[in-house]
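The structures come next, written out as structure tokens.
Below are two complexes that have chain A in common, paired first with chain B and then with chain C.
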Partner chain A sequence: MSRLIEEKGKESESGGFIILFFILGLAASLVLGWGVFPKLLYSQKKQPIDFNHVLHVEAVEEGCESCHFFREDGSFSGLPKLAQCVDCHEEIQGEDPNEVKFVEEFVANEREVPWLVYAEQPDCVFFSHAAHVKMGKMECVLCHGHIGESSHSRVYEENRVTGYSRDIWGKNISGLKKNTWDRMKMDDCAECHAKNKIGYDKTSMETLPWPLNWALLPYEKQIGPKARVQAKKDACFVCHK
Partner chain B sequence: MKKEVKNEKAKKYGMVIDLDKCTGCGACMVACMSENNVPFKEDESNKLDSIAWMRVYKLTNGKPFPEADICYLPRPCMHCEGHNGHAPCVSVCPATATDYNHETGIVSQIYTRCFGCRYCMVACPYHARYFNWWDPVWPEGMEKYLNPDVSPRMRGVVEKCSFCFHRYQTAMNKAYVEGRRKLEEDEYQTSCAQACPADAITFGDLNDPAHAVHQIAKPDLKHGGRSSNPNAFRLLERLGTNPKVYYLSSREWVRRAGDNYLKKDKTVKKLH
Partner chain C sequence: MKIGRRSFLSFIIGGAAGTALSPLAWKSMDDSSIWSQNWPWTPVPADGEVSHVNSVCTLCPGGCGITVRKVDDRAVKIEGMKGHPVNDGGVCILGLSALQLLYGPTRVKAPLKRVGERGEEKWQEISWSEAVAEVAAKLGDLRSKGKSHTVCSILDSDKGTVPYLFGRLLTVYGSPNFIRTPSIQDSYELAINLMHGVQASAGFDVEHADFVLSFGSGLIDGWGSPVRMFKANSNWKDSGSKVVQIEPRLSNTAAKSDKWIPINPGTEVALAMGLAHVIIKESLYDSDFVNNYSSGFDKFKQLVLDKYNPDNVAQITGVDSSALVSLARNFAHASKPLAVCGRGQGKTQGSLDEFIAVHALNALVGNINSEGGVWAVPDPDYIKWPEVEMDSVAAVGMQKERIDGAGSETYPYARYLLNRFSGVVNSEEESPVNALFVAGANPLYTISDSKAVKEAFSKIPFVVSFSSYMDETAKNADLILPNHVFLERYEDVPMPVGLQKHVIGLSRPVVKPQFNTKHVGDVIILIAKALGGRIADAFPWDNYEACLEETLGDKWESIVENGFWSDPDFKVPASEEAFNTPSGKFEFIPANLKSPLDFSPVTIEGSDISYPLILVPYDSMRLANGFIGNPPFITKTVEDTVLKGKDVFVEINPKTAEEIGLIEGRYVDIRTPRGKAKVRVHLFDGIMPGIVALPRGLGHTAYDKYIAGKGINFNELIGPVEDPVSGFDAAWGIRARLTKV
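== the complex of A and B ==
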């Protein structure tokens, strides 16, 4: 009898060790997965020039469109070329070291600034600014966030595996978002298209039937029993090339 | 504005190729390849490997001199409508990587969806589809000449003529900026149609009576788009693929070459 009790005691001791190791391992992998891995995955890059949007918006007359305008052929000058900047920055105007660098390195040498594009999409994506801004009357903020109110260029985080900016996946490593501009993945396009039933015949984007849709996102309003998206056939060629 | 979209009539882009005018120079093939970033191979004569969205075939009537005659036949994708968008390739694709766009009548090819099963190549009766056996290799420095509006394809996917769909996209952009949703005929033209020095290729909206293609092809929508022009025919028309590329020829033997006719058969037009 006493031997039995002894053995039982040993067993629970080793069981405790197993649980302890399990908890330690779990904690370690959580730290690795949620903390260390995202840090390793993204490299931090600095823009060639620290750009002050606030300062520029104050100085120009037509707001965002002074630099980010539509060209006559319907294309959009996402990043203005040097030619636009030279209109004002032919010579150094102030004392900001960034402007000095800009004029001396780029304007003087007629070199385009190699800006890092936060919203850069893969080759296969066709995005029409004209359709969204001119026809859809959408605000820039909806996708790009309040970038016009920034006085410094933020760090550009490049995914070491894909080479794309972290803005595409979103800051939140679990892929959750609070604002419409937190992420720029295909799902994010589709979400808005589904919600607003956009498509030439209003049906080219459809939502999955309940309960296949998931919970609503924090900023979403319940607009019916459907939330998640699936594109109907024949929709792909609208946004892909 | 939303109503406007709804009421807009669907477009049906198509092509008319005048075989009497085609000299077989191949300018359309070259223009197409450079417009669409089509990779070329060291040995282009290896037809198992080389890719040509637009290919010029040579037909002969097989007769000895003095009746010998030849004809060149440029072959893009026919953008088959079938019955209500049921193109042969579209109906077989398990990935929905190729699809019929009811807005424009263009058969799409989404490279990032395609997983390379090549079922569509088997289904297409026109050999319009090509498989990328290799990743494209551009000669040093040539990447800079690639068309930014067309995404290059990788190894393992199928590609085909898109009627230069990216030109439609950019033309629509221009229209949007000007507050329009309708394109003029000359705003959207394919690269091959513009490159043809003999003016043999006409491109436009088959549904729009103002467009040249409609006037030449006179598609009879009650009979699967069959042309009421006695000189016009479509390839393998009797399969019911309902292609949107029409050919013109004043020569009976060329028109007969467009389908598999038995000796005693007459061409479609005279059957009905």
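== the complex of A and C ==
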């Protein structure tokens, strides 16, 4: 009898062990997945020059567009080239070590600054700033956040696998976002295009240079809540050149 | 505490559950898919400022406008220029691949002087001033010995400022030997010259024609200006216009035509005369044109009625007589019929009889200089340089007969006869050519009977190539003075081939020169200046760009802005004033011809006993066969039944193959009176029995390892057959024999 009780006790003990180990495994993998993995996945890089947007926005006349402008042919200049900086920075101004480094290392040697681009997309992605900013009248903040209000360049986190910035997937490793500028994946483009039915009604069709159709055709059924790209002719090639 | 198997499994399950609840799995999946699309060896253009430059492609005589996309200083994509009068946004596969010719390894990177044996490829880099001095010294030496007339230039064109600079240098130096590479341009120019009495190129209003009768012209295989022809072909399909293709092989053009008429090769001239017979006999011709604006019609009528009745023609051509009659009726009844000739891409001249016969067909239906017809388009006369003042040496040299015999008593009609060049040089103990300049041409590859051409070149003591690439001719030269490629240089490109409008395109630097090359125009000016005297006086410009800008004058600004200049007022004169023949009318039988034409098919080389088969070449858009080597991008598109590995396939009808006992893929030796090669067999129902075909554009022995060594060069198997009247190369094929190996 006592042997039986003993054995039962042993069995329940081992049942507890089993649960304990389950919880241990669960906890360990959760810590790994949510805590360790993101740290391992991204390397931390510093911009070559710590750039102060606040200071510059105050100094220039036309806000963001003073440096991030559209070229004559409508293409977007993105990052300013050294040529634009030199207008003001031919000589060292002030005593900021970043300013000294910029002028001595780059301006003096006529070397472009190898900026790390937070919003860099793969080569296969075709994106027209003109279509969004000029025609769609979108604010820069909508996709790029309040970068213009930063006084220091934040750390650039590079995905060790893909080589792209963490900003594309988003700071939140789960992929969830609060603001429109938190992520820059294809779904995020689609979300906005679907919400605004861009390419659906006639007026916006005319404002956009491509026949993008995000709405259902009359004979189609809505399957899920998410918008999807219609498999119309050329649909993929609108954005994926 | 002992950790048992169950606890371990539980740990694993817990771990799996936790992993599923963490972003690790799907984030890794997403990342690895992005990673797998970004292999480090996949070429991705660097980021940078995107810009576009409008220019003109000069890889063929088509003269298409191109728009080159650049990222910062690098050209990354070539597209057709929208709104260009030739190609309106279209581009061909060669134009698309041209960046490989700019950035590829086949470029000559600096002036080179031969130090080893000819063709041994031992070179020494020299400076441009040394190179110019060396050429000038050689030319000065020849001139002082009274041998100025033994200097010769071979170019791909005689239109535009660069050929004019060459011509000018030769003239003022004292040599009549400017030679243009052969093509159907020669034959069309001569046919128009004899029948219209004017010096003009043939323009074809293909956009408005509603019945196109093609005597073997590869309308969508690269004949004329290729992209324009593709577009015209699409229009014909949309508008219901008919295309009838006459040739012994089912080419792409034949396959896409409304009717393909296989014909005994080389007998097209008889078919044209047979069609004329039906049209005249049934009075289907344009009587207004024939009665009022033509001469010699009665003689021509007599000839076709006597000799070319449908039954006779059927026997010669193998085309059924009833098919011939209905074709003639359909052609004559069409509202805008157009007959064209020049086989394949028109790279060989062809027989004069054929061009005269086909042009006569056009005249019979009254489509000369009219909408949808053939136009005689004179060169635009924008190059108005002052006449050169020749010194006595030049005057004497210019009086000497040309080396190729063009314009002589034997060949009074031809302007250039490069096909005779190697024969003349080889027939003499000492080469009659002492210095040869080659620019924009690769005669060692493109001229038939390559072996003889090579022998002739080896006899010439001084050969200078201006090629941008290490092509066959450059490889066997003494000096290479590399020109910029067309994406690095300015050049006017007048008269896109076959266009019935006046258009001058402007090739312009898209990127800065990648290597230590120099514009050929600049080099000519420098050589002239180094020679001094009257020669230097004839070249008052500081450099080529200044010369070009001055030449184009008030057109310069608009040509720079638009990429081309087009004459909105260009018209050909009405039929009353269009002809400058002795009769003042269109001449069916040209009165200026001393000997009468007999309109008989050209006999090709070889006896039918030792060579039972007939070998013909074929052209393809996927194989550049001019002076440009086929870039690797295009070679990749060539089918496995044309080129597999390094083997080229000879097309043969299954019936003929069975008779010889050949099966698909079998290796055979092909022998012709001019050469032999090892090829593989491809059975093809689209080729007439007894005929075999090989593609042109393969078998390079120079350039780089990506272009050379693939297949065989057709020109090694064929030799020229001289047209008795014009002296042109009239060969359309050669007899051949296949033997198993």
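Methods note: the second predicted complex is superposed on the first by the 202 of 241 C-alpha atoms of A that agree within 3 Å, B and C clash if a C-alpha of one lies under 4 Å from a C-alpha of the other, contacts with A are read in each partner's own complex, and residues count from 1 in each chain.
Rule of thumb we're sticking to: a residue touches a chain if its C-beta (ideal position, glycine included) is under 8 Å from a C-beta of that chain, and two chains touch if they have at least 3 such contacts.
What you are looking at is a predicted structure, and each value in this text was computed from that prediction instead of being measured.
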Quick one: chain B or chain C, who's touching more of chain A? C
First, second, both or neither for A:Asp73, with chain B first and chain C second: both
State whether A:Ile173 touches chain B only (first), chain C only (second), both chains, or neither. second
Just to be sure I read the superposition right, which of the two partners does A:Phe237 touch: chain B = first, chain C = second, or both, or neither? first
With the two complexes superposed on chain A, say which partner A:Ala131 touches: chain B (first), chain C (second), both, or neither. first
First (chain B), second (chain C), both or neither: which does A:Asp123 touch? both
Does the superposition put A:Leu41 against chain B (first), chain C (second), both, or neither? second
Per the definitions at the top, what is the overlap between the chain A residues touching chain B and those touching chain C? 73, 75, 122-124
For the chain C and chain A complex, residues of the former touching the latter: 1, 3-4, 6-8, 10-19, 21-24, 27-28, 30-32, 34-35, 37-38, 44-45, 47, 49-52
In the complex, chain A residues that touch chain C: 14, 17-30, 32-34, 37, 41, 71, 73, 75, 77-78, 81, 120, 122-124, 159, 161-164, 169, 173-175
Residue numbers on chain B that touch chain A, as the complex places them: 1, 5-6, 8, 85, 96, 99-103, 106, 108, 110-113, 149-152, 165-166, 169-179, 181
Touching residues (chain side chain A, partner chain B) in the complex: 70, 72-75, 122-124, 126, 128-131, 134-135, 200-202, 233-234, 236-237, 240-241
